[in-house]
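In the two complexes below, chain A is the common chain; its partner is chain B in one and chain C in the other.
The block that comes next holds the complex of A and B.
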């Protein structure tokens, strides 16, 4: 295809991505180094005869509005927003480091800082959910593959539901069930033998609840991909393994899993990216008191009456850096493959 | 079909069936439970006294004289005007799918037919864009949208969702077009067609399976989005998902949780139908990227 033809074919989609993905990234980076203008103060001296003069400091509404309209971005503050308490919190970090005698103290100091708390949950969620859903998805795929044909179709239909359903809605459905008055919640209360038992009350249980939701939501994806991979498994390999006397477990370990390995890499890559952006479950499970994620912090800063664009932008930039770090092994590998060609 | 050696011992068979049954319950039960419960009153759905009330609807019987009630649906659809959000959702989804497929098809086709080095870089850029959480971009939208006075309306959201959709659409359609033999459009060009005519008359008639599959995923992205629609739409233009999120805030205090339950069931129903009719396409779409590596 000629360059010119290619250009015209690619123009609409390229323009859409340039204007609404590439430019916003630039604009987020710029916003993150600007802070909103401080209100302009003016001092007025009121002199009344006999009493004397008093000075009064008020906000000069007009001047404030003027400067805000003239420079909507705000004032340049450099990396200040990144270093403040809501983000990297360098000062607080140094204090916690100096004042704490052992690692435990330091960690608890760290978890009081919003960004590190969110980062801890986001990373825990990502790196526990991803391997779990791969194992679980593989187990479902192997089990469903051994069913007869009619049951397979039915199972695939119902398995797709947790994945297809809107994440916020899916988490609400589960949230209502694990509510202490809901069906699973009351069963757990009965099991625990404690009428005040609640999944929502403790940080640890909230994390477990969110992780269970994450696996429930994403395992179908792994299942469908692995199931499709199983259909392409050559029969003669399995037969050869059987003739060599491999047990069922050995067949899975040495024939099936190596055959599915490229798919495992694919699922892991997609799910690392998707789990890192975990957000809807935190809202749906109403879990912000115990578990926050990076995306949730951005959402929280942007919402409400005071839209804290600068704070949200700084968190956004840090999140993008996080995604880049997660993605870098893949990019390096793709680059090597490309060079090799 | 299965040879004798393949046949499972009974113990393993029971174990596998048990596991499939367990997964079936995990996957399907929450939906049926919520669907059933949405026709009850709150004291039955969230039953402190006895969980079987949610099945029999004892309190619902006491309140309405029969064990099922549409009060939640009435409250959500009529009182809270959920139908507006439903219409908004379908408007947004329709335009997102149409626009996204039109420009994505052209772009994906071009990427699959050009052999220059920049196609690789464009695809890698798209992959990076695909990896970024959409919420990180929202902070970048707000200021310009306020300045131009286009915040809060549906067309803005449609365009943003189309753009966020593009990386995925491009990857999917690119791999799909690569499976259509190049000889097809090249022979058309030999016969004197321009590239666009070759695309229009030769490729368009055979591309529908791939386009429909991609369209399904565009639809799901637009339908399921919460982060972008919640931040970019004003209260009167909300789509279903942010509307449900907004319900939560008000209903928990007013004791109208059943409105939210009814709205959730209403929003799940179209997805249920979608999976029923397009199961094959969804499965093939999910595996398309994977099998190719």
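The block that comes next holds the complex of A and C.
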């Protein structure tokens, strides 16, 4: 393609990307290095029902307005927000390092900090769910593909259901089922033989539940992609393998999987990104006491009574950096392939 | 059920429109919480004619009211607020002083309804609220004990109920990690005589003896709760009570009237439901609870005509005639003239008489509440000491307060 043609061809996409991807990122970066002005406080008399009048502190609006008008963006704080306890927590990390005698102490100090605690769950979730959903997706795809063609349509529909259900609704349904008075919850209590057994009260089991949910929800996506890929599998290759006496397992291992490999990369890429942004199950399962994720921290900063825009922006930027690091091996490989050609 | 309510609402509407005409000359748009008393106020405001009255009453009002009032002109002309949310709106200078409008249209308001800050009326309160004891009088009568006056007594009674095999987990509490858990901490902390901030500053002061006592008491109570307590907000806690699984709980007064009217409440609970004032703790005399009011404001970033229309419409939503209706009167502890307290109001009135402190209205309390909600769950799960949990709260609060410019 000529450069000129390419330019006009790409222009609408490029503009949309600039508007909807580049500008918001720039805006988030700017918001993360500015914080609200220092509050000008004054003491005033408050009168409320049933209590009478008391002396309270409030914000001096006139003084604050002057400062705001002079510098509408707020005060420049550089990387302060990134380094504070809510984010990278450099000071607290150094303290934990100095005061701990062994790795155990250091780890518990580390996971007491919100960002690292969230990272621990986010990464565990990402690296367990992604391979599992690829394996399950492939298994379902192979199973459905070998069905009688009359049954296929029905099975595809049912296999896709978990993905069709809204994530928040799906997690809420499972949340009530595992409640200590729910179907699964009561069954587990009976199995464990302990009336106080509760899945929701245990951090380990909560993580397992979230991971099971994650696989259940995302496996259909892998299934659809692999199933489409299987339709392009050349019949002659399989027949050749059969004539050579390959077992079904050998056919899958040496013929089917290599054929689907580009799709595996694609699914892994998309799902690494998606799982790193895990959010709905943490909210749906009310699991914040046991498992938090980077996206949940952003939500929490924005959803409090006092919104912390700078803190939320800093976590957003860190999430973008995290996604970039996660995807870098795949991206580097794609770039090399491109250069090679 | 729905039909009944709808029929009732329309009867009230017909009767009210006959009684008083409410004419407004500009748009009114209300944002607020969604419990029954606020629905009544919203419906009253919407009866006005002459211009459009719209309302958005939702439990998520706190997430959108700042954004909805920041623009100029503001989307919402009125926000229905409580102690904590008025502070949030005032932090961003989003509400209008009401003195001129009160003078012009505010006849019939009681002086106690005017929320006055620095000499200016910033909100008009219409109801009071507090968390207080709800209990099963049938179960306590069987045991031959009086309803608990202190949290220590509550623990003793809970043990008795468990020992007798009546209930495995007789105590209820809205201990869901986040806002609810922090609110339960606030109640108990005030009961132990704690102060959230060092005198005259935004420096945190929760890592104290009162703080440690508070956490230990919460932990002791949680031993008698459903093991899922860290996921139970006030709705889930009420569901447990209504199902007859819980005999003692600290619950919002605004829920007292509807506690036995929801679907699926067992007959035993209907017959045994009773309420009392809030409990004290640790030998203190101040109840372990906080006193709240709910009221409405008028947005700052709107024209004078809209402010006037909003004030008139909201006044129509809290007019004294509404108090004649028994259904409305039972919905809340109204601060409106002519209100005759119902049985459901006992708890809140006792709270006020016992000297319950109001929820703090300082600008940085929201950040403290958030830090408490995020950091206390580890202690209640037995993962860290009370001192460590409180140190974490202070550190988390400090980081947030520095970002927001309250601390240097």
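Keep in mind that, in the parts below, the second predicted complex is superposed on the first by the 279 of 341 C-alpha atoms of A that agree within 3 Å, B and C clash if a C-alpha of one lies under 4 Å from a C-alpha of the other, contacts with A are read in each partner's own complex, and residues count from 1 in each chain.
Note that a residue touches a chain if its C-beta (ideal position, glycine included) is under 8 Å from a C-beta of that chain, and two chains touch if they have at least 3 such contacts.
This one's a predicted model, so the numbers in the text were calculated from it and none came from an experiment.
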Which of chain B and chain C A:179 touches, first, second, both or neither: both
First (chain B), second (chain C), both or neither touched by A:114: second
First, second, both or neither for A:307, with chain B first and chain C second: both
Touching partner for A:277 - first (chain B), second (chain C), both, neither: first
Which superposed partner A:339 touches (first chain B, second chain C, both, neither): neither
Which of chain B and chain C A:150 touches, first, second, both or neither: neither
Dominant toucher of chain A (residue count), chain B or chain C: B
Those residues of chain A which chain B touches in one complex and chain C touches in the other: 179, 286, 302-303, 307
Residues of chain B touching chain A in the complex: 3, 5-6, 8, 12-13, 16-17, 19-20, 23-24, 26-28, 30-31, 33-34, 37, 45-48, 51, 54, 102-104, 106-107, 109-111, 113-116, 120, 122, 124-144, 147, 159-160, 162-164, 166-167, 169-170, 195-196, 199, 220, 223-224, 226-227, 230-231, 241, 244-245, 248, 257, 260-261, 264, 267-268, 271-272, 274-276, 279, 282-283, 286-287, 289-291, 293
In the complex, chain A residues that touch chain C: 35-39, 41-51, 53-54, 56-59, 61, 64-65, 75, 77, 80-81, 84-86, 92, 112, 114, 179-180, 195-198, 200-201, 203, 285-290, 300, 302-308, 310-311
List of chain A residues in touch with chain B within their complex: 1-3, 5-6, 9-10, 12-14, 16-17, 19-21, 23-28, 31, 72-73, 139-140, 142-144, 146-147, 151, 153, 155-162, 164-169, 172-174, 176-177, 179, 181-183, 186-187, 216, 220-221, 224-225, 228-229, 232, 238-239, 242, 248, 262-263, 266-267, 273, 276-277, 279-280, 283, 286, 294-295, 298-299, 302-303, 307, 309, 312-313, 316-317, 319-320, 323-324, 326-327, 331, 334, 338
In the complex with chain A, residue positions of chain C that touch it: 62-63, 66, 83-85, 87-88, 90-91, 93, 112-119, 125, 128, 168, 176-178, 200, 202, 226-231, 291, 293, 335, 352, 357-358, 360-364, 366-367, 369-370, 374, 377-378, 381, 384, 388, 392, 395-396, 398-400, 402-406, 408
